[in-house]
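A, B, C, D, E and F are the chain letters, set down in written order, and residue numbers restart from 1 in every chain.
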Amino acid sequence: MPIELLYPVIVVGSVGLFFGVGLAIASKKLQVYVNPRIAQILGLLPGANCGACGYPGCSGFAKAVAEGKTEASGSVCVPGGSKIAHAIADILGITADAVEPMMAVVHCNGGSDKALERSRYEGITDCHAAILIGNGSKICQDGCLGLGSCVRVCPFNAIHVTKEGVAVVDADKCTGCGKCVKVCPRKIISLIPKVHKIFLACSNHDRGAKVKKYCSVGCTACSLCVKATPSGAIIMENNLPVLDYAKEENFIPAAYKCPSRCFTDLVKTRSKANIDTKCNGCTACVAVCPVPGVISGEKDQRHVIDKDKCIGCGICLNACPLHAISMWGVGPLVKTTAGKR
Amino acid sequence: MMNPISLIEISIGAIFINNFVLSRFLGLCPFFGVSKKVSSAAGMGMAVIFVMTIASSFSWVIFNYILHPYHIEYLRTIVFILVIAGLVQLVEMALQKYSPTLYESLGIFLPLITTNCAVLGVAIINTDLNQTTGSPYTFIESLLNGIMSGVGFSLALLLMAGIREKTEFSPVPKALEGLPIAFITAGLMALAFLGFSGLNFFPAVGG
Amino acid sequence: MMIGQEIKRGIIDENPILVLALGLCPSLAVSTSVQNGFGMGMAATFVLTCSNVIISLLRKVIPDKVRIPCFIVIIAMFVTIVQLVLKAYLPALDKQLGIFVPLIVVNCIILGRAEAYASRNNVFKSLIDGLVMGVGFTFALCILSVIREILGSNKLLGFKFVPGFQPMTVFILAPGGFFTIAFVMGVVRYIGNRKRGVRR
Amino acid sequence: MIDQLKMIVVLTLISCVAALLIAFTNAKTKDRIARQRVVVQQEALLQIMPAGVTVAENKAPLSSANDTLTYWTGVAGSDTVYAFKVATRGYSSTINYMICTTAEGVITGMAVMEQNETPGLGARVQEVLSKRLIWNGLGGPKEKTASWFSEQFKGISINQPIAIDKTAGEWHGLDEKGRRRLKDKNGITAITGSTISTRAITNGLSTRAKTYLKAIRG
Amino acid sequence: MTNEQQPTKEPTNESPMAADGVKIETFQLTASPHLRQPESVSHIMMWVVIALLPSLAAGVVFFGPQALLLTVVSVLAAIVTEWAIVKFLKKSAAIGDFSAVVTGVLVAFNVSSTLPWWMAAIGSAFAIGVAKMTFGGLGANFINPALAGRAFLMAAYPSAMTRFSPTTFGSLSGIDGISSATPLAQFKAAMADGSFQALDFQDALSNLFLGNVGGCLGETSALALLAGGILLLYKRIIPLRIPLVYIGTVFLLSWIFNGTGAHFTSSAIIIPFYHILAGGLFLGAFFMATDMVTSPITPAGKIVFAAGCGVLTFLIRKFGGYPEGVSYSILLMNLFVPLIERSTRPKMYGKVKNRD
Amino acid sequence: MPRRYTFNGGVHPPHSKSRTERLPIEVFPAPKKVIIPLSQHIGAPAKPVVKRGDRVLVGQVLGEPGGFVSSPVHSSVSGSVLSIGPYAHPMGRQIVSIEIENDEKNETIAFTASIKAWRDAAPQELVQQIQAAGVVGMGGAGFPTHVKLSPPSNKPIDILIINGAECEPFLTADHLLMLERTGDFIEGVLILKKILNAKKCFIGIEENKPDAVKKITSLLNDARLREIRLCTLIAKYPQGGEKQLIRAITGREVPSGGLPMDIGCVVQNVGTTVAVFDAVNRGIPLYERVVTVTGPAVGSPKNLLVRIGTPINFLLEACSFNQKSVRKIIMGGPMMGLALSDVNVPVIKTTSGLLAVDTTTPALRTYPCINCGHCIRACPINLVPSRIAKYIEKENYQAAEEWNVMDCMECGSCAYICPAKINLVHWMKLGKYHVQASRAAAAARK
């Protein structure tokens, strides 16, 4: 080998050797325990050490993620993008278990067109801020303030405030993370099982006569919904019905009966019941149907259902001994609500 | 040989006039990466000064005692980077083991520094000709240039971090949020740093 | 693997400069003229591709603890080769790029790709990745340098551009570099945001 | 232990192979690189020396330090011209330039070799004016014009004070009369906004260049 | 959260409290205090514009109608740029707070009267478009927009920016018989070649004070600037400490390091006066270092800031590549503002003793 | 010229007191119906001791204190209890209140003064008397006075300060009280001084009340009253803030998060002092107070002696307020008062004034903060309100806490002076709320 090739090899080779040995010794002698997760996460990161995450290099970020100090969402690690976010979530074991999908609902429907205000709030656009000066501007002390604290906290852009000033959750986007529930100062957001789609859109505890004065969709505590739900899944507490979603899934009759239209049904058109030729006119269905006059027919004759009046609650389905009733139409079948999707 | 005036010139030059970030365009990735908070900028700054000191002194010795005598200057890139990367990794491991507190405040920045232009840049610049005197750097000059370049980098980093903490409050247009506004900030800083250009404390030295 | 999609990834979706914001130093320092920008782009592409291939080949052999030194040595080798070749055949360009040729070694994008891609993927994939990333890098450099050369010296590829236009020197100085990349990035994001319907 | 050994071996091996490849490339390119360096020098010399001279490289001792000065002589008949390099501190860098003078100190040519002044300002000491627009020039051959700034030094004497005229406008914009008037004053025009860079060169001529020429002539 | 006060809902006029007899409108519900002092941001900006008028007049007197033209163009460019960006970003913030006018006027004041008008427009557009609006507009910028505009022009069109014309009364440097660019350039040259004559410069002081010297169009008349500055001080819009400390620092430094080797000779005493009157120091100290957006908010910070400006101005003037240092020193100190603010937090009431 | 005392910071809003400062206190007739909230003070609400339908007399206890830091409430009219239940409270919330129909007989319970003259009584007895009379701080916060008068033994009180600053614009209730009941007031001071066993006693009055200063000075010239000193204060808002007053008069600073008693001081308001006199010397519980009714929308402003529980619309009507043009109604002064949403809320023990603002006041246009620093100069606590507000806006409550948001006393000086018209106090309130919430959460975790 000519000398001019030899020198370089000797020089660079010995530097390499030196550090090879050095690092080898160091890796033995200077071993420190590190959370194996850190190494795992580090393995997933792009390794660009770009610092875009705000941490000193990828290892700093990995450490922070492993210790739960930050989320590994795609917006933090720019080079890694959202792809790594999922992989990291797997390592950390925070992938969602198969739980009942939940969604948030706002228990108020009193927009400016329905609920009266006692003053004009002019201040920071934030619900807590409104609470702090004079407890908000609505007369209703439990109504939505419409200043969107929940909107700002929702990571999925799933809530908006209508132009009348009430918050509304978009069922498709909501993941049930519950952040809005925590933030709402009026405590009028709660999570319900996603399959249910019916909830009470009022939180007012005042007596009925008082409520009527200032809100056209306020609950007057008339108890008709309680009566419409014989299973006892609705009870009246402190002038307000409480729905027990664990007990009973059929709140359609209750929603229908409410004279103040306090219930919100997220299903716009429910499928309607239909009686087929198996019907022998036993009238069992007539007895259970919560809406008078929907089902008609002579005894022992085939009965018919008035599709315009049917509210699609499906109670008659179970009542029919001959299984002659089925639901027709676009809406989800009521029965499916029992199971998990 | 040792000219105190030229040492001051080198320091001022490295910190202000030829600031690594704002006029030489070196070390931009960590500059933009670690300038979000003043506290981490301070840690990063210390680490950079440390590594640049190491890099400039080792590289000067290697260049002048090995590469130059054997006429293998063309190996400078590979040897320098290997030495810097190896040393920094060793120092990092040692810190992690023996001084966890120092590691927490300085060491964690080390891997980020190894692979940035500023560190290799200072090593290379130090083995080029001295821009103000036109002759090769002596060891002291080279060491000083290394330290002061690090100080210049840290200064820019700290200023940037302060400003970015402040612009956190600003309603920056969506499309400019994050890096673009940081670039504009850096551009405006560079514009201000032009004020240092041509600063010449000892006109006698040059012309 | 769809080549078209890969190229789009390199140039647009994961553009090393405009999206990932890596390798900023050379992109700002040498984008004062299109020749320099393009030259730097090609040099980096060469190094990126070659080192990606070699690192991918050796990925099973290199122990984790000496990963970084090994990668760096491989990259530095290619960089030095490029530098020697440039000095021999394109001395003017070499002079213009100056210190930024050896600094390709530490260009974050190259080590970044080595760590993030080549050390985890097979040789062919790494080759393609190196190429498309290099193309994306060159592309971004060209955009920056076209803007800066025209505004800063009223020239394009060394030729006078618009008669009578008084160039703004600031664009070939450091501040102009920052402003240009901020502007280009802003436009890229603005378009991206528009597509995704994000408010301004 | 195996792990450690592997680390050492791999790193060393990779280093050796890399060094070998680089050295190999170097071996292949080094002649050309050396030649390139000479070519640049040669081109500069050709530019600043009068046409038709024979060039030779020489060294002269400098009185001040125990340095030596490399210079080139150009002989054409009985006339000899001398070329050498000068470096002075400009606005933000050291400006390196090469001049060629007659024995009396009259400049036959000047070329700026290296500088790092502000682009658009001091850096214009190397400016080559191009009149060609992009749309009529892309395909054509590159213009070979000398820098106007260097050009105006032809005929200036370094033994007399060199005047800097800031009022007349830049040299390339002057007509023949204006240029002649400048010559008569032993003067040059400044680059607008860059008096410092301009003065750096003229100062270098009337101080360093003068001593160098003296040293050469003995 | 936004802090704009917007009635979030349409006010309903009828109150249900009518039931109890008194029929009234709904009330406004706001946080205390319910009383606000009348001065608003646009008032402040308007006063600054008014305070700048004497200097504009001086500019027109000494540099002719071109000065007025440049100022008008620059102001228009500033307003148009701000308007266009606000429209483009669909920001709700209405414009008309006069801050763009201040910026426009100050850009013009910081350029030579010979500058082509379109360059002034570019400077203004840069000041508003890049230095201010990219950060979100009024109050959000960290660097003085007008000075950033000037620095941009300096770097973009250096030769045009350093070309000055004599005043309409013929004086360029303030020293008759010698022709050079600005008083400071003249001073620098005189110091450099040893031709400094205390007497010449003493004579020049009155020209400097009136503004009958070459320079940027709004910076020359110390008298007019002082008048505006005093107005702002009287209106308590600017704090005295910034101009005082700034000018004082420059004065002291240029007296101590006056370059003549003595301190009580007539030259040594003339030099600091010359330094504070020449160049843009008064303009900078009264109108630009005092820009509240880009100077420290804390009382102690203001002093540090002003002293820093003074030191840098002196250093750049004495050692820099060009004679003027005010604009760059303010810009540089702007960069330090966040760090200064951090370290000069006022001592809170009750922080002295710890609770036992 | 005597020494004028003051503090650092503060603002100079127009005093606007000229309309009422010369009007004598008028007795406002008891209304047909009063609403007496069970919580008119800081601390636990009182517990009701009457039932619906009960007949009550003036001064009869309606609610017993709900703890040590609590205070009883008394009936202000004679009549029958109409209802007990939630009722609109000036704070905006519904608070359990007792509604009483006035039978116009104005029968009072037998007021029993201290058994002995107060000079001979033990401090303990006097404090009990004060507690039983339901005296709470009438300067604004409504802190039960008996608590303030029972400092723990490790914190001896050496200085008693009587707060006659009344720095809030518009308000003149304390001023008039000092003019009309000067003797009782001074005797009240002596009672407080005896209870606390304070070595020194100061009365602080702003110099914009020269008549009160003169009258009290002439009284204090009496040799027996040499131990009470009158300090004229520079008229500046918030001169009457407890911390500012202490700073101005004694030079001491209440430590951050601490109480005046930590530095040996107790501050009492003029109204409180007179109420203490009434309670101790006559045995009269706190069932009425002086309220200044004024403001641009009020035709004939007045200083009224009002029964606690009177719905404010009666007061406003009595002062011919302009219903059409009214824009905002404020309970308290314009700087710290509460905007009301409801004219049916009752006057409570801390109601020092009622202001009606009309539509002639121009609407505010807000600007972004321009960093002018006026707010820092104005803040008497030396906070950096602009910075704190920005942190809160960015929901960085931790930083806000670090920058001492909790020391803000919501005096409003910063927002008053801010040229950008930023709602600084509102941000402070929001920040304090969040910091408190997170502190509570942290405490709950422990």
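The rule we apply is simple: a contact is a pair of C-beta atoms (placed from the backbone, for glycine too) under 8 Å apart; a residue touches a chain by one contact, two chains touch by 3 or more.
Please read these numbers as outputs of a predicted model, since none were measured by experiment.
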item: Third chains touching both subunit C and subunit B; value: A, D, E
item: Chains in simultaneous contact with subunit C and subunit E; value: A, B, D
item: Chain-chain pair with the highest tally of contacting C-beta pairs; value: E-F
item: Chain whose mean Cα position lies farthest from subunit F; value: D
item: Maximum centroid distance from subunit A, chain identifier (CA atoms); value: D
item: Innermost chain, where centres are averages of C-alpha coordinates; value: E
item: Euclidean distance of C-alpha centroids - subunit A vs subunit E, Å; value: 54
item: Whole-Å separation of chain centres (CA-atom averages), subunit A against subunit F; value: 46
item: Rounded Å distance between subunit B and subunit E, as computed from the means of their C-alpha atoms; value: 33
item: Distance between chain centroids, defined by C-alpha means - subunit B, subunit F (Å); value: 61
item: Subunit B, residues touching no fewer than two other chains; value: 29, 32, 72, 74-75, 78, 82, 85-86, 89, 111, 115, 169, 171, 173, 176, 179, 181, 184, 187-188, 191, 193-194, 197-198, 200
item: Junction residues of subunit E, two or more chains touched; value: 1, 3-5, 17, 26-31, 89, 130, 134, 136-137, 140, 152, 155, 158, 321
item: Multi-chain contact sites of subunit C, meaning residues that touch two or more partners; value: 21-22, 65-66, 69, 73, 76-77, 80, 84, 108, 111, 169-170, 173, 175-176, 179, 182, 200
item: Chain pairs in mutual contact under the definition given at the outset; value: A-B, A-C, A-D, A-E, A-F, B-C, B-D, B-E, B-F, C-D, C-E, D-E, E-F
item: Subunit A contact footprint on subunit F (complex, rising order); value: 91-94, 338-342, 423, 426-427, 429-430, 433-434
item: Subunit F contact footprint on subunit A (complex, rising order); value: 118-119, 123-124, 126, 128-129, 132-137, 141
item: Residues of subunit E touching subunit F in the complex; value: 1, 3-5, 17, 20-37, 39-44, 93, 97, 99, 136-140, 239, 292-295, 297-299, 302, 341, 345-356
item: Sites on subunit C touched by subunit B in the complex; value: 21-26, 28-29, 68-69, 72-73, 76-77, 79-80, 83-84, 99, 102-103, 105-108, 111, 170, 173-179, 181-183, 185-187, 189-190, 193, 198-200
item: Complex contact set, residues of subunit E against subunit A; value: 1-12, 14-17, 19, 26-31
